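Here it is, the structure, as structure tokens.
Chain IDs A, B, C, D, E, F, G and H follow the sequence of writing; residue 1 opens each chain.
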Amino acid sequence: MSEPIKPVGDFAQLDTDRVRRRGYPEAIYCEGKTVEQVRAIAQAVDSDHVTLFTRLNDEQATAIMRELPGAFYDPLARLIAFPAEAPEPSGVSVLVVCAGTSDLPVAREAMHTARYLGRSVSLIADVGVAGIHRLLAHEEELQSAGVIVVVAGMDGALPSVVGGLVSAPVVAVPTSVGYGAGAGGIAPLLTMLNSCAPGVGVVNIDNGYGAGHLAAQIAAR
Amino acid sequence: MSEPIKPVGDFAQLDTDRVRRRGYPEAIYCEGKTVEQVRAIAQAVDSDHVTLFTRLNDEQATAIMRELPGAFYDPLARLIAFPAEAPEPSGVSVLVVCAGTSDLPVAREAMHTARYLGRSVSLIADVGVAGIHRLLAHEEELQSAGVIVVVAGMDGALPSVVGGLVSAPVVAVPTSVGYGAGAGGIAPLLTMLNSCAPGVGVVNIDNGYGAGHLAAQIAAR
Amino acid sequence: MSEPIKPVGDFAQLDTDRVRRRGYPEAIYCEGKTVEQVRAIAQAVDSDHVTLFTRLNDEQATAIMRELPGAFYDPLARLIAFPAEAPEPSGVSVLVVCAGTSDLPVAREAMHTARYLGRSVSLIADVGVAGIHRLLAHEEELQSAGVIVVVAGMDGALPSVVGGLVSAPVVAVPTSVGYGAGAGGIAPLLTMLNSCAPGVGVVNIDNGYGAGHLAAQIAAR
Amino acid sequence: MSEPIKPVGDFAQLDTDRVRRRGYPEAIYCEGKTVEQVRAIAQAVDSDHVTLFTRLNDEQATAIMRELPGAFYDPLARLIAFPAEAPEPSGVSVLVVCAGTSDLPVAREAMHTARYLGRSVSLIADVGVAGIHRLLAHEEELQSAGVIVVVAGMDGALPSVVGGLVSAPVVAVPTSVGYGAGAGGIAPLLTMLNSCAPGVGVVNIDNGYGAGHLAAQIAAR
Amino acid sequence: MSEPIKPVGDFAQLDTDRVRRRGYPEAIYCEGKTVEQVRAIAQAVDSDHVTLFTRLNDEQATAIMRELPGAFYDPLARLIAFPAEAPEPSGVSVLVVCAGTSDLPVAREAMHTARYLGRSVSLIADVGVAGIHRLLAHEEELQSAGVIVVVAGMDGALPSVVGGLVSAPVVAVPTSVGYGAGAGGIAPLLTMLNSCAPGVGVVNIDNGYGAGHLAAQIAAR
Amino acid sequence: MSEPIKPVGDFAQLDTDRVRRRGYPEAIYCEGKTVEQVRAIAQAVDSDHVTLFTRLNDEQATAIMRELPGAFYDPLARLIAFPAEAPEPSGVSVLVVCAGTSDLPVAREAMHTARYLGRSVSLIADVGVAGIHRLLAHEEELQSAGVIVVVAGMDGALPSVVGGLVSAPVVAVPTSVGYGAGAGGIAPLLTMLNSCAPGVGVVNIDNGYGAGHLAAQIAAR
Amino acid sequence: MSEPIKPVGDFAQLDTDRVRRRGYPEAIYCEGKTVEQVRAIAQAVDSDHVTLFTRLNDEQATAIMRELPGAFYDPLARLIAFPAEAPEPSGVSVLVVCAGTSDLPVAREAMHTARYLGRSVSLIADVGVAGIHRLLAHEEELQSAGVIVVVAGMDGALPSVVGGLVSAPVVAVPTSVGYGAGAGGIAPLLTMLNSCAPGVGVVNIDNGYGAGHLAAQIAAR
Amino acid sequence: MSEPIKPVGDFAQLDTDRVRRRGYPEAIYCEGKTVEQVRAIAQAVDSDHVTLFTRLNDEQATAIMRELPGAFYDPLARLIAFPAEAPEPSGVSVLVVCAGTSDLPVAREAMHTARYLGRSVSLIADVGVAGIHRLLAHEEELQSAGVIVVVAGMDGALPSVVGGLVSAPVVAVPTSVGYGAGAGGIAPLLTMLNSCAPGVGVVNIDNGYGAGHLAAQIAAR
């Protein structure tokens, strides 16, 4: 029986009890951590369950891949998963939809997260509302999904339209794609919080990990 | 030949030269004016061209209607037009579209303004994007309009969808309908400024008059 | 077979197709509507499925209860449901938790909404994090819930703590309870979006209806 | 007859139907795209109609010019047009006016956009309101334009003055020129939204492309 | 010889030394004070030098006029001056200019303040920049003023234009006239702080008293 | 031995364990509670230790005074204490200083709170920094205090000056006194957070209760 | 007799009429201009009156100094003046006071500007309010100045204290020195706008040039 | 007897009187100072009492260590103390608690500051509320501390929970750890200001120095 808390140096306490308590392992958010701290944590993880490293810069990723060769690494999504093999999928399916090409990094972080937490996933890219027929061409796929993660920057209008088409819950992720008034993702965040379609739960700007995690929990059965 | 500036008391200078210079008469924005000031201005207007009184409260409206019996008054839009008869329409048509029932006062202010500045106008209400098929049922009407004014609160997503369907320019009006984060119209304003469909010009929150005026200028030929 | 859109006067188009398309009926958001508009809509609803009227003021509520005697009315939650009998519950259970007494109106709006959309619901009140043992006394109840709606104003810290204790998804609702910096619900909204526990989906400030709706969708099986 | 949607890799879906539907081709917004993505899109465009690449950095521009030699490239405006020859101008004229030298990049993006969408264009630079006589010296030119795009940073006062002088519609573009309170273009954006002259439609900060597009639509006949 | 500090009840300490130290008497800002507190202060003032009571509500004004009959009271400016007779004017002249009729209350508060602090004053109303020729008609009067106070709401563009025409310093006062984005005076405040004409000093929104005081100091010789 | 949690109706759970755990009783924050809820809580309190009711409106205060005759009530501070007799003071002294007359309600809420939590208290009013000598006249009193609570609106500059004069910790309370830019207390809040004198801890705007509580804890020995 | 407007390339129009109209020459704000543009302007200036180049980066400064050898250059203030000799001082004296060492660049930009516009200037550094006696040691110097420019970041409290000590007008300049809440100068800007001492005119954050210009105008006689 | 103010060059005036007046020496905030200025100050300090240099960049630190060999330097906390030996601890103990690994730099700046101002200190790291049992495992240590400094980014919920567990005062430090909505520390700042547990005093974002200073003052006896 493992200890519920595993100290790493004097700077971190891994919450190893989390799998038992919540059913999902802890992820390591790497922004603001030094390369040394990240490496020490990589040395401390074991392969009993999947560990995700998120928001990696190049140097951190290199250090981790050296400690954990064979891990899965998606540079676009800035995410490493160890071990590389995802669990056998269970629950209902998670569909990730994103408005523009520039939203792909966040969309893929969400998709990988849900996959490594045990769900079957798929992705539709570049179906923004300015060409609404591109989205409507996928109406069936949308209506058969168990949970839908919608990722959008700029006007952030996509979750309102998707939410209005389906019975599944929608997890909305604003991205920092855009500029000018409401830049940094504030504009799509506000749009999503004010969605005129009910059934939309919002996570923080660019928080693909959080969206994938929530989707995985919702899709669990 | 009239003087270019007509003083009213010591508090206002009517820009009577404006019709000659800009082709459109001045409107009287009544918010922040006393009933006495509004009445004095009503006494000073003549029937050579249409005068609009906007953002009226009940007391101001009563005072004006007493000075200008026979004027047109729409209490929902808080607008009075004198004389009541609109000019013969010219130019291309102006279509006003609004997302929800609560956006109607602003939508009607825009419609009346465009009509009294000499355009033919029509209105489609309650076609928000959460039920996208309600909007698409009007696709032909949208595509045949000369200019479209889109009025929306909450998520403000309607102009992006409409803008993506048509070749006509879109004038977008955010309304203060909504609550919580981005309340007071900030959320739809930001959405509209970040519209992923180009061809959308935005006016201030609840500024139906400004939208109708701009639409009338665009629709002039 | 009913028409997908049912016009009410010239100001509203009821989206009656919504039950078929989304599985849940439309609700009538009453803020910003006139008493006459609300009454006309009340006359147009039928008892085939439940209709919710939300954000009612006293005058609107009185008008509706006159049209729909026997409807369920909770003045604290400012909500009317017609017909009064909720559907037989299905899916997993929805637990609503609120931090303080002042958050109760929003918590009850969420609870009623989930109940009328077909879920079994329960409520725990006044368990803010400043007396953490009050919350921990309910740990088992929290861990057996299917979905948890957490309602909090002020510091909005409750969802982070609850989210860290359970495997179920958490729907977080910031309320406008509080004052000073971040008043109007901005402080708890930001706290919830930045929750250090993943698995938290946020809805707009005071949006009990949206939270209950999302919870009902998540809890559906 | 071409397909309405043309996929590029698994990251983009070109909306080739847009010319038919809206009358104007799609532009490629390059910020946030990788050089590889931009190059792949450049390989996919054809010369049937003009394609604009906007918000280019140097590396992206070099990659595109290698794929599309002979394209028009304005480094100051960060814009590439392919093919280089603009359509024969139609409709009324578009006049671009900018307040200061630092607003020129945005002003030129607007001018090129309108030109490549088929309008005749001209540009007046450095006529800010602090030396009002510089602007008034151009009064005739202003009054004969079909549409005026006004570009300004700092106090953003220019559209109010221009709008008050002419009957043509004004498209106002705030720029991020300035510093301190309201930096990043917020100050001129708010000024323009609050313009005391009606007939001003505002686009997002630094959005020269959007302004040029809207102006081209307005100037079409 | 008077005491430098004169206590009123246990809630106020009149800074009677201020005339000696700064050359100008203290004013009583009445917002947030109870009627009883205001009355007690009125009883404590003497007629050695002028005392101004600013931001009065009706009830406070009535209470003061009862204590200080013969005082000067301007209800529009919400200001009382005691004694009513202003000092013999000295220094150069102060010209107050306001953009719209709704800015008059603030403009008059500024004018009265400067007058009671010993300057000669005059006022030009309703010369907003949307009809620039109305302003230019006063160019000579502007250029001969010693100090100019410019009062404007909405777009707040007037000080930039005035500042560019004259050699005198300009004191700019944003007003809370306006609505929508940047309401409450934020829009004109930012405009004025970003004025492209140097030589503009800004005071707080609606702060006519502060503007008049600063102008009086500048105009002192 | 009492239960750690005492339920009141189904809407509140009094944290009676708090005295044992923290050493200080719970206070009842009354804003947002109905008169019925407040009355029910008043019925549930006992006289074993002091209970504070804060942010009372008139109706709530009347209801409580009827249930708890003999309680201490300060309408200006909107606070009731029961029982009325404060504990014998212990620890070092708490000095409350406020900048203006309008800050008195908050200052008195802080003073009463500290007194009822067992400290000796005193108050200096109307010593804002615009007349710095008024403050310096109290330099000795400031330097002999154990803890100083500084209450200020407007520019909020007082804590920086006081903090620079003394060795005691300073608790700073911004108030919502003021108007225009940074209104509602944002301006003094930011000033206090950016105090150039270290040793200043800030509480929320108008939070006299919180300031008094923190001061009482600091002054405990 | 010179032309009132002197074009430079197709990107700038020097307002050479400005000396006649306003009494002060135009300055060249260099942020956002290319090195080529700045060089071309340097080639166009003559030595009839002083030209200031402000907000220079190193590369721009080098280019100008090559065109105008012998010009005055202060790298800390990022300012070049040509010709180097300042006019004979006239009017009353300008005193610049700054709160901290980090505010010096802005303070020196203000001082140089006033000097080159014809005033006698002096500077007191590092007299922030956290050590109020440092400031009071200069009380006489403060009281004999004709105009005082007060430069401060962080809490921005200095102008309130200075303004309360003197009869001269105060020009307040917030700086971007500071961090955290209200960073970028917002905190001191709000403090200064809310100064409890009247007689304070505020310019934009870090706008030393604007402050020096305004001070020079005020100090002119 | 030393002079109360010690000038360094013409850019700084060391407040050497501060130890006598406040009991604590001045610290040198190095952000925004040039390396030359920092070196000159390092040359001017003596070893009579401890001097802290805070917010150092690498170059500044190197320069100081060359002037003051043997000083204490913590690169993570960006702090140098000279002389390196801290005073003998007095007063009650200061406990620093931080939520995540990324908050460590600020936590250590607070800890060092309190230690060099004469207190005994200890540190608990990585006990965020998402794993509440990690915190509760330290309940005894928390309850025996004299003062607790709580450092947290993201949701900033930790001070509310800690404050609710103890009788000691809590100094809360928001950090800029986090992203998206409320980034830069705004989210945890607002959370802490709205803490539902009284007894929490907040300092500016990332202000470890200020927190340590305040804690040292509170813990003095």
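Assume a contact is a pair of C-beta atoms (placed from the backbone, for glycine too) under 8 Å apart; a residue touches a chain by one contact, two chains touch by 3 or more.
Just so we're on the same page, UniProt names per chain: A, B, C, D, E, F, G, H = Nickel pincer cofactor biosynthesis protein LarB.
What you see is a predicted model, and the numbers here were worked out from it, not measured in a lab.
Q: By that same contact rule, can you tell me which chains touch chain B and chain E alike?
A: The shared contacts of chain B and chain E, listed by label, come to D.
Q: Measuring between mean CA coordinates, which chain is farthest from chain G?
A: C
Q: When the Cα trace of chain G is superposed on that of chain H, what is the rotation angle, expressed as a multiple of 5 degrees?
A: Roughly 90 degrees of rotation.
Q: Could you grab the centroid distance between chain C and chain D? Build each centroid from C-alpha atoms only and quote it in angstrom.
A: 44
Q: At what distance in angstrom does the C-alpha mean of chain D lie from that of chain A?
A: Result: the chain centres lie 35 Å from each other.
Q: Using CA atom averages as chain centres, what separation in Å is found between chain D and chain F?
A: The computed centroid separation for chain D versus chain F comes out at 56 Å.
Q: What parts of chain D, by residue number, touch at least two of the other chains?
A: Touching at least two other chains: 130-131, 164-165, 180-181, 186, 189, 193-194, 204-205.
Q: If we use the touch criterion from the header, which chain pairs count as touching?
A: Pairs satisfying the touch definition: A-B, A-C, A-D, A-H, B-C, B-D, B-E, C-F, C-H, D-E, D-G, E-F, E-G, F-G, F-H, G-H.
Q: Of all residues in chain F, which touch chain G in the complex?
A: That would be residues 99-100, 128-132, 136, 154-157, 160-161, 163-165, 178, 180-182, 186-197 of chain F.
Q: Under the stated contact criterion, what part of chain B meets chain D in this complex?
A: 21-24, 27, 164-169, 171, 189, 193-194, 198-204, 209-210, 213-214, 217-218, 220-221
Q: Quick one: in the complex, what on chain C touches chain F?
A: Interface residues on chain C, with respect to chain F: 101-102, 104, 125-127, 130-131, 133-134, 137, 177, 179-181, 183.
Q: Touching chain E in the complex: which residues of chain B?
A: 4-5, 10-13, 15, 17-18, 31-33, 37, 174, 176, 184-186, 189, 204-207
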